[in-house]
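Next come two complexes, and both contain chain A; in the first it sits with chain B, in the second with chain C.
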Partner chain A sequence: MVNLTIDGRQIKAREGMTLLQAAREHGIDIPTLCHNDALEPYGACRVCLVEITYKNGRNRLVTSCLYPVEEGLSVSTNSERVTANRKILVELLLARCSGEKVIQDLARKLGVESPPFRPEYIERNACILCAQCVRACQEVVGVSAISLANRGVSREVAPPFLETATACIGCGSCVYICPTQCIKMEDVGDTRFIHNWSVEFKLKKCKVCGNHFAPEAQLEYITAKANLPPGFFDTCTTCR
Partner chain B sequence: MENFAIYVPRLLPQEENLAPGHRACIGCGEVLAVRLVCKALGRRVIVSNATGCMEIVSSPYPTTSWRVPWMHTLFENTAATASGMEAGLKALNRKGKKAITAKVVAMAGDGGTSDIGLQALSGALERGHNFLFVCYDNEAYMNTGIQRSSATPFGASTTTSPAGKLSIGQTSRKKDLTAIVVAHRIPYVATACPSYPFDLINKVEKAAAIQGPAYLQVLSPCPTGWRHPSDLAVRMGRLAVETGVFPLYEVENGKYKLNLDLPKLRPVMDYLKPQGRFRHLPAEEVERIQEQVTADYEELKKKAGVGA
Partner chain C sequence: MRVKATTGLINSRQGLEDLRRSLTAGRDPNKTCIAICTGTGCHAYDCMGLVAAFREEIGRQQLGDRVDVTATGCRGFCERGALLTIYPQGIFYQRVKSEDVKEVIAETVLQGKVIDRLVYADPHSKEHFVHQEDVPFYRKQQRLLLGNNNRIDPTSIEDYIRIGGYAALGKALFEMSPEQIIDEVKESGLRGRGGGGFPTGRKWESTRHAEGQPKYVICNCDEGDPGAYMDRSLMEGNPHSVLEGMVIGAYAIGSESGYVYVRHEYPLAVANVTKAIRQAEEHGLLGENILGSGFSLKVKVSRGGGAFICGESTALMASLEGRVGEPRAKYVHTSEKGLYGKPSNLNNVETWANVPLIINNGSGWYSQIGTAGSKGTKIFSLVGKVNNTGLVEVPMGTTLREIIYGIGGGIRGDKRFKSVQTGGPSGGFIPESMLDLPVDFDELTKVGSMMGSGGMIVMDEDNCMVDMARYFLKFLEEESCGKCLPCREGIKRMLQILTDITRGRGRDEDMALLERLSGNLVDASLCALGGTAANPILTTIQYYRDEYVAHIRDKRCPAGVCKELISYFIIDEKCPGCGLCVKACPKEAITFVAKKKPVLLDQERCIKCGACRDICKLGAVGVK
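Moving on, here comes the complex of A and B:
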């Protein structure tokens, strides 16, 4: 076990844990935007930053989702320096995604009323570039159908060559994980659309009840991956 | 409702707020629902739990499965206790003792909601307390040995409405509790089922975020009481929804919305057949149930303004 202090509280954490995990386990709230328990830590949004003080008195700001616990470390999750830095991050995010509820809520919590920029710089972009969709597609699903493209202000999540995500299996993981719900999936009749990646899938029809239950491409992918006998997915989960 | 499959469940929170090792029956649909509800609520909650299956299986002295603040109350006063908790939190915050941001959640079975706890629930809803009431509807008093409640559906055989030569089981129809709750004009009412986990989690999150009373009716298949094989609990929930017996819908500020509108309903026989409690039903009674279900579903569709 590792002994450290978070916000003045003595905490015992397991070796290899991150500061964020240790804090959350003890009910200490650190805001995050790009963190997800199912994914590897990424450190893109940086709102989880905390101030750490080493035993020798040196201190610095680190992202708590990436920094492992250390013996004798003293951590502050809401010191003046942390709050000031976090506020700037949120102001910038608010300027980019002024219409998104997650950002607005976080801003309100930190006391940011509106971004300190001229109105022509305020955008209503729906994507906060947390890359959770990209990482879920790569780490959890394992197809890497989408990725981050371009740099700087034109950075975006996109299918290869900004065309069609040919590797997509239509599982909807990106749709589910998106904290701003900016990826749209729609089932119309026997077709599933994911508009952001300009893909469409034919849905499999159940042999017994006739309901459409999953994209054919996804069932083929799972059949191949799990070595299932052909015809395993002829019926839906209710009829099987 | 989006149809998520295989990979999306891996993206759910890993944290379990209802510890395993409780004493629920094999294949219990209710404990599955409780687990998902607790997952969706997170740790900033205070639970007021009525007597019933969930209280018994989760807290045999001196152990407990609850990893969140939890209180056992009587059948009749769950909603009243929750109101008190909410008022207490308000008072503490007003006096500036400590800023506590916790959602108060009341949980009860169908007996604790539609029979014994109804007047306390009605009172709490009417007073507009900021709390969420979750009813785990397994359609009888399962914990004490399958006695009928007002949520038991027509034709079901229970120990106090047994089927025999002169009886076809429960003679009255299931009380439409969601309609009673909707009549209180509260901000959010919904029905859910653990067989549709994402829908359930979505609804819990939505309900917990609302300021004011919210109500969730969760159908919880019960292998012991419904007398179906214990591996079919999830399928029974799906069948209940797909046959139209228990449609999934939500009512936001009085506006109905169907969450799963199937092109065609299954025949109710698909749902009744695997269950021992309906085994005695003759064909004409099944026909009657089918007519009632179809009529109710059409009425619901009209309310939701679908396919009129």
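Moving on, here comes the complex of A and C:
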């Protein structure tokens, strides 16, 4: 076990844990936007910044989602420097995604009213570029149907060549994981549409209840991956 | 003057020394050699045409057995290209054109006469300098790394071996243990030349001690700073010196696999290093069982696609792996988990090239050069408003004044110096009051700039510092990978604010806001691109605050650069009505009145392109 202090509290953490994991395990709240327990840490939104002080007195800001616990480390999750930086980050996000509730809520919590930029520069992007969709598709689903395209201010989540996500199996993981609900999916009759990636899928009809319950492409993918017998998904989970 | 190698594989240190002796013995030191610079700068002056013209003329006059022509790497004095030296006399000619070839052969080669017109003359003192080493630009340099570019054909391993190449490798493999090499490099005080300035020996040591196999050595030749070409010129002009450093490093670290990551936009560097690797393998200096020592190293070339961020070590490694070049947090160092998650040691081209020098001459010799905290020499790419633009290699600790005035020959057109930006696009701007600053890693950081990889851009009174900060922020906005929020969104907002200021839309609170956003960029960015991106803003606000105030409060650009804030006017008493500006104006905003009468400028039509001011030699176009 590793001994460290977070916000003045003595804490024991398991070797290899991140500061974020250790803090949360002890009920200490650190805000995050790009972090998801199901995914590898990424460190893009920087909102989870904390200030650490080493035994030798040197201190710096690090992202708690990535920084591993260290013996004797002193961590502040809400020092003046942390709060000042977190505020600017939220101002920057608010200027990009002024209409998003997740960001508005975080801003309110930090006492940010409006971004300090000229009103004509304020944008209404829906995507905060946390890349959770891209990472879930790659790390959890394993198909990498979408990726981050372009660089810097032009960065966006997109299907290959900005055309159709041909590798997509229609599972909707990207939709469910998106913190701003900016990926639009709808099931209409026997068809599923994911509008952002220009894809549509035929849904499987349950032999028993007749409901369309999942995309055939997804069921084929799972059947192959888990080596399931043919016909395994002829009935939906409710009727099984 | 070269003897074609008949050697093939060398399998002992003695074999290497034998080859060196035979190469030296087979070369007549009195045979004339015309060594023509074929570096990047001279390519723009058609040096290849010059090489071809010399070869043709020598062929025509059947002088082939008396005169050699060698195409060498970059000599650094790019302002005066195309350059050549005639050996053994060492006569140095500059601004040579294909038309001069016949005369050079007839006068200098055949009769030993110096052609005055082609000799460098100091523009101030008018003094002529026949030999390169006497020219002020060279005299004040210490060209430990670049000096050999004069003496060798970069595509010939025999040339490199003849001048002592790979001797350090022999010494390292047969006289030193890996630990001794690491100690030697540590004691030399060598620090990374790519920008970070991390002690090279310590980096090697941590990679050597890190757990995991295989281990990798990587050469970073992804030089992307605007106006910088130090690494390019070393890689193009002396690729074997870089390779030799890499083999020594790999042996010390315990790595058998190496990569050279080089920009695809550097075709000559790619070609020369690829050729050098093949030659070194053919000679047993790379590959299996190097010089019969039992140590093996395979080096591959990987070409970068041109993203500035791929010069960052973790982004470079991601790119090498075939993934998108984006950095990751370095809380776990690349020396422990780098390329493919294995211990990896990445050094810059110039760092690697220093290694053979240290092994050959010892850390004691090396550590005498430079300052307390920064040892050795550093190559700077001196560009901008100086008389002598080019590559300059000086001992660490040389003052900015010595580099800009002593070597660079001062400011062009006798204008007044305003600023020098060091360290690439995210370096800081240093004012005139600090010209006596000794240039080393620590001193540059203290004043808010950095060494970076050695870019040095000189600005004069005609440069607007707010506009310069805007220019570099624009570059950084385009080159930010966009992964982390402060760099992607922060730089964008800062650029909007700076652009507004240069357009006369600055607000009183803007400077404070810029400083606040800068602080966040420094504190919260994922990698060094964001972490240093605020330097141009912070240093211009610190040292040139009055220019910001003039733009924001008075809506005035003191340097006369920002178009929305300036207007051109005709100074009637200076204008003879020659009409040159009338022809130059793309908008027909200037009207000819009569000879000896000043022209008329219509402000409504003027788009402030400055063409009239540029063309007028009499200074009759003013700007306010």
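Rule of thumb we're sticking to: the second predicted complex is superposed on the first by the 240 of 240 C-alpha atoms of A that agree within 3 Å, B and C clash if a C-alpha of one lies under 4 Å from a C-alpha of the other, contacts with A are read in each partner's own complex, and residues count from 1 in each chain.
To be clear about the criterion, a contact is a pair of C-beta atoms (placed from the backbone, for glycine too) under 8 Å apart; a residue touches a chain by one contact, two chains touch by 3 or more.
Since this is a predicted model, take the numbers as computed values, not measurements.
Overlaying the two complexes via chain A leaves chain B and chain C side by side, clear of any clash. In the superposition on chain A, A:121 makes contact with chain C only, not with chain B. Applying the stated contact rule after C-alpha superposition, one finds that A:3 touches neither chain B nor chain C.
Once the two complexes are laid over each other on the shared chain, residue contacts for A:171 go to chain B alone; chain C is not touched.
Once the two complexes are laid over each other on the shared chain, residue contacts for A:61 go to chain C alone; chain B is not touched.
Comparing chain B with chain C, the partner in contact with more residues of chain A is C.
In the superposition on chain A, contact is made by A:185 with chain B only, not with chain C.
In the superposed model, A:211 makes contact with chain B only, not with chain C. Per the superposed model, the minimal spacing between any CA atom of chain B and any CA atom of chain C is 22 Å. Under the contact criterion defined above, no residue of chain A touches both chain B in one complex and chain C in the other. Interface of chain A with chain C (complex): residues 43-47, 49, 61-63, 66-68, 81, 84-85, 88-89, 92-93, 95-96, 116-118, 121, 129, 147-148, 150-155.
Chain B makes touch with chain A in their complex at residues 2-8, 10-15, 43, 198, 235, 238-239, 242, 262-264, 266.
Chain A contributes residues 27, 36-38, 136, 140-141, 171-173, 175-177, 185, 187, 209-211, 213-214, 218, 222, 237-238 to its touches with chain B in the complex.
Interface residues of chain C facing chain A in the complex, by the touch rule stated above, are 307, 309, 324, 328-329, 331-332, 477-486, 488-493, 496-497, 500, 509, 513, 516-517, 519-520, 523-526.
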